[in-house]
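Lettered A, B, C and D in written order, each chain numbered from 1.
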Amino acid sequence: MNALAARLGNKPWLLSFAGAFAVWLATILFTEGKGGGEMITAALSFATFTVIVGIGQMFVITTGPGNVDLSIPSTIALAGGVAMKIMGGQDSLIWFGLLACIGAGLAVGAFNYALIRLLKIPPIIATLSSSLIVMSVAISYGRGLQIKPPPSFADFTTAQISGVPVLSICAILFAIAMAIILERTIYGRATLAIGQNVRVAHLAGVKVERARCITYLMSAAFAGLCGALLAGFSGGNALNMGEEYLLATIAVVVIGGTSVAGGRANVPGIWGAALFLYLLVTMLNTYGASAGIRLVLTGLIIIAMITLAGGDKPSR
Amino acid sequence: MTDTTLATPARDRMAFLGDPRLLRKALPAVSLVAILIAIFVLNERAMSYRGLDLMLKYAVPIAFATIAQMFILTVNDLDLSIGAFVGLVACIAGTWLVDQPVLCILILAGCIASYAAIGALIHMRRLPSIVVTLGMSFVWLGIAVILMPTPGGMVPDWLKALMSWKPPLVPFPIIACLVIALVAHVLLMESSYGAVLRGAGGNATAIDRAGWSLLRIRMSMYALAGFFGVLSGLSLIGLTTSPDAHIADRYTLLSIAGVILGGGEFVGGRVSPIGAVIGAVTLVLTGSFLIFMRISPDWQIGAQGAVLIVVLALRALIKLREAK
Amino acid sequence: MLQATEKIVSLSGMTKSFGAVRALANVDLAVGVGECLGLVGHNGAGKSTLINLLAGTLAPDGGEIRVSGVAQAADYGVRRAGALGIRCVFQELSLCPNLSVAENTRIYHKSLRGWGWRRNAAELVRRKLDEVFPGHGIPPHATVGDLLIGQRQMVEVARAFTVTDSPTRLVILDEPTSSLDAVAGKQLLTYVRRFVKEGGSCLLTSHLLGDILDYCDRIVVMKDGGVVADRSAVEFDRESLVAAMGNVISEARIKAHEHVTAQRGETPVVVRAVPKQQSDQTALVAHKGEIIGLAGLAGHGQTRLLLQIYEAAGKTRADTSVSGPVALVAGDRQTDGVLHLWSIARNISVRSMRALVKGGLIDRDAESALAKKWRERIRIKTPDVENNILSLSGGNQQKVLFARALGSDAGIILMDDPMRGVDVGTKLEVYELIRAEAEAGRTFIWYTTEIEELNNCDHVYVMRDGQIVADVARADLTEEKVLQASFREGGRA
Amino acid sequence: QFQKSQEGAAGKKIALSNNYAGNSWRQSMLKSWDKVTKKAVADGVVAEATAFTTSENQVTEQAAQIQNLILQGYDAIVLNAASPDALNGAVKEACDAGIVVVSFDGIVTEPCAWRIAVDFAKMGEVQLDYLNEKMPNGGNLLEIRGLAGVFVDDEIHKGIEAGVKKYSQFKVVGSVHGDWTQTVAQKAVAGVLPSLPEVAAVVTQGGDGYGAAQAFKAASRPTPLIIMGNRQDELAWWKEQKDASGYETMSVSIAPGVSTLAFWVAQQILDGKEVPKDMIVPFLRIDQANLESSLANTEQGGVANVEYTLEDAQKVIAAAK
């Protein structure tokens, strides 16, 4: 038991994959093997969105305690609206739409960072405030109307290659790139150093503000991109389409092995945690438990999993 | 020229005596005063017993929840379940408090005990509090939904009467907030064990080396959080006169924001109970302020954010001037 | 039996390993009643580990601990040690930065409770501070996080000597003087003598061998996890003590530098800084290739001046101009230096990441090579540079910070009392390294609390109350001069 | 007659207390309110009719909002409540201050308030009535619910349950919570779908039909009969299917314009008219026959809507007497 915990402690992301596998197994045992493959396909499709925004949130959380991006849901709503409006249902405008959604995200990120840097507002309150403003912008920009994605864009976001969603493949490549950025670039190292101790990082020559700026820009840009993809995937934008990602991003980041105290991050774990959370809900839905029981079990299983993994151990 | 150069060392010595600290402590109050003045300018009716009573009623349960969150933040943890917990307390009290008060109190005591148990679990297995409490938020909500699939239930009259009590001179919400702030202040800032509790957030190793049980400290903090969460739930249903499982979902974020607005920090055991209550009240007042400014519904949501930013920017200005 | 009665503690056969590292191998140690025992040894010799076992913060792998002759059970821990009157000031400070001095004292004494506990605690610690460090100037209600590292050290030492319900019988001081200036250090040691004279016992470690030789009754020398010498202090002199520690050095090497007297002004000025609180226009000036010393009592603005220079790097400001990149060697490891989640290698390479980038990514081989190079050069005691930095002894962590700065591309290196906790042998090697680097064109600005170290400098500025009050050339440098400038009251320079 | 009503209500101020603005239904509701009340204010029917929205869909925020509206001195508060019971304290306070409170859609149980109720249980039951007609042989049902713990969800669910009891040939084989959000519904349905046997029909609570259709498509399962919720995207999809393969279904929901009905009711009360405390407003149902016309009248990306006039309100009041 302890040996297992120790081994998992070294690779915390393994745990979230193990958890995902376990719930999947429990589900198909119940259905006697029926639909196992399709379930994985669905899990991959939906985890993709959580992963894209989750990685942005991970970088933010890694920069240290108190850093969290609460503006992600609003950014998703705004950027989804911007993308759909600019694409206007026309295939020829897809690229403009994608650029615009990332641009919208960057604008939100820049605003967040300006609040944090210039006005010295604690990040959690800065992003909370900006999320409200961004939501207002989204409302007055889109008036709550849903716009359909261009057909090719919708097809791309829902395409599958023998059961594996194309978007998930892209997101896996994206995650690999982000893992490399985290561990092997100056920006990534700077982020990790800041998360351990801002003062030490600054005195060790790390460009603190540059890294923080990039972090908040990135988180919002990823949320923006996710907004467009989500709108494409679900057949149009909606104001409430990002709501579930507020807690979901924090949950996948932390379950995936990133330290809330900052300075330690884990990209693969986000994938594992996103799959785990999706399959967990699927399992409980499949079992047909009532809403209350489902909620209680969701909570208990999350706690049980993290308890099994054991606590924070210093890594490298 | 000579003046300033001569003044600097003296000021520096003053600074050492804790001057900037005092100023930092005063910042939350500055925000509160600013927003109050803005409200009074917009609507002089607010500047009355009745006005303050109406505006601040819902600050009482938020103040309790904020203090609960503050206890958790003191030991460098974060509670993502306080909102759901307050909702559950509301449902429990709404179900049993009228008919079976003794049973109800026992159940609520059990809730506090389970909060302490969560603290113990987090400590013994060295778990990230954020995940455990996130999980617990589902558990609390789930139990509340099972208990009360549709809103309803009874609230005892004494509780309603207490929450709508109109004492002479000073409105009840103000008295309540003052009492909450003072009690929490005495518990955490003035008592001798309070110093140990805060110390655990500042340097747990030091506390351990001085021979204190960190397990007991964490359990105490979680139990205190649970206790104040219970008070939050009770005061809330005293106001709403009826519970609902989702009644306090928002308190999780509000309570964190309140502590931070009040000058608390996420790590290092640096918190201020009085500041936290001020923060909670400020948050509530931003809502009132908005209603007094007539804005188109499109921008009402954003305006709430903008008000928060302006209030905090004021503080930045003061900090900047102080730095010079 | 007879021996046991006169020993306050005796350890025998103490063994402790951290993974593959054998920190202690079968160590015996005893401290007598009314005795001040000095414990010396190179960085990573095992001193702090031994102290942790004695204080009950670490459990030994094997061995026996006896306190006042009574063998302690396996559950021996801090609480038990505390009850037996054993107090410890650890190498890495253990105060709560968010609490006041008085509150930190309360943490130490369970009996400080009830009405007026804060006043009592403040009184208790203030009186002890006055007793140990007369003229300390630390308000008991100040928050510890706002204090300078030296002041924090004073608070912790004073706290260890305070007494409430149970007596203080043995005080363990792990490098208590490393963050104190010369004056405070002497005050402490004088107090320690008084304490042992009154029947207390003391266990003291230090890398300032002079202190150990002058103030201890007996000296135990450790090397690589074992005791290599245990004799009365009078039987040692500096030379033999150093030899016992395993370093063969000649005083000649220390003196060597005194012959090289660089002429000021031959090279371009790279740093010019007027301290923020300076009332006239006196500036610190550093020419390329010089070693500039900053002296004065701790907390008189030296660190602030270094940070002022650090912040101005590459910029030109009214009061500060600095040309070229700057690196800093922090002295306050815990708050300014160590990235605690990272390996030794990453802690070294963090300042040099730009140089390690190949094809957009940090080259891991180059990173590891850099770390290994510095491990050899200043002998960082570790089997693997990929180990976490906290697995190093205090002095070795300090060496990592040296490596971080010296391994970087910075032409100007600021050092904030960087030798805290570094052993004698390494110190001499680092002095030599610094001189070599200076000759190669690097500029050093070096704040030190050890007056002897100023001998390595080309030029010394003495600071008081945040201002430069004396500007002493290498040739005119004497200890009196520095001390006089540090203390002189009255008219500003 | 109109003249007379002006005397009573003219000069009075009405506030709309709304608790959520984050979906197309609520946006439609606010838009209708704006359109109708602007004209009413311009005509001098009332002095003011301002809409207020809280930033989060939360009981506590709305309660505080009502307290502030009391302080602002409004004569009437038109309320779409976040909870039927939990706002009672604030509503009572408003009544005690002499303020007329008219709740609609999300109604409150406080006796002093007026209620313009939708029979949510009925909304669930008619779905089964319709299915019974279409599929006399019955089949498996998938139920998409709303947000757990919210009374609307429970009411509709009860209606569906009653319907299933009534027509025993139907069996609910799966039930998920879609939180009335298309993306959430899509996600939840996609998750359970692989484990479900063939699904004949999907019963919903409105706003999640299109998401369900997407999920069936993604899983390459035959599209079942999905009950729609009056949103334009749902209607457009239905029309598409209808044209392609003769797909048949129905759609039910409440018209967001019910806010304007509540406005007129409040106006009538302020005007001194006697108005019973409980009124019923019919939900808006779209069938195969009126699909095209409804779709044509619905804004792109919006919700099928009806705005009410004073006469409509008077009819509703009369019907309740």
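Brief remarks follow.
Methods note: contacts are C-beta pairs under 8 Å (C-beta built on N, C-alpha and C of every residue); 3 or more make two chains touch, one makes a residue touch a chain.
It should be emphasised that the depicted structure is a prediction, and the values quoted were computed from it without experimental measurement.
Simply put, of A-D and B-C, more C-beta pairs touch at A-D. Averaged Cα coordinates give chain A a centre that lies 32 Å from the centre of chain D.
Here the CA centre of chain B is 42 Å from the CA centre of chain C.
Chain B has its Cα centroid 29 Å from the Cα centroid of chain A.
In terms of their C-alpha centroids, the spacing between chain B and chain D amounts to 35 Å. Across the assembly, chain B contributes 141, 144-145, 149, 300-301, 304-305 as residues in contact with two or more other chains.
For chain C, residues touching at least two other chains: there are none. For chain D, residues touching at least two other chains, in rising order: 21, 55, 148-149. The complete set of chain-chain contacts reads A-B, A-C, A-D, B-C, B-D. Across the complex, chain C meets chain B through its residues 55, 57, 78-79, 82, 88, 90, 94-99, 103-104, 106-108, 110, 112-114, 117-118, 139, 141-143, 145-146, 276-277, 279, 465-467. Every residue of chain A that touches chain C in the complex is listed here, in rising order: 180, 184-186, 189, 192-193, 196-197, 199-201, 203-206, 263-264, 314-316.
If you check the complex, the residues on chain B that touch chain C are 5-6, 8-9, 12, 16-18, 21, 190, 192-193, 195-196, 198-199, 201-203, 205-212, 268-270. Looking at the complex, you find that chain D touches chain A at residues 21-24, 26-28, 31, 55, 145, 148-149, 174-177, 179, 181-184, 186-188, 190-196, 210-211, 214, 217-219, 231-233, 299-302. Listing the residues of chain D that touch chain B in their complex gives 18, 21, 30, 34, 50-56, 58-61, 63-65, 67-73, 83-90, 92-93, 109, 147-151, 154-155.
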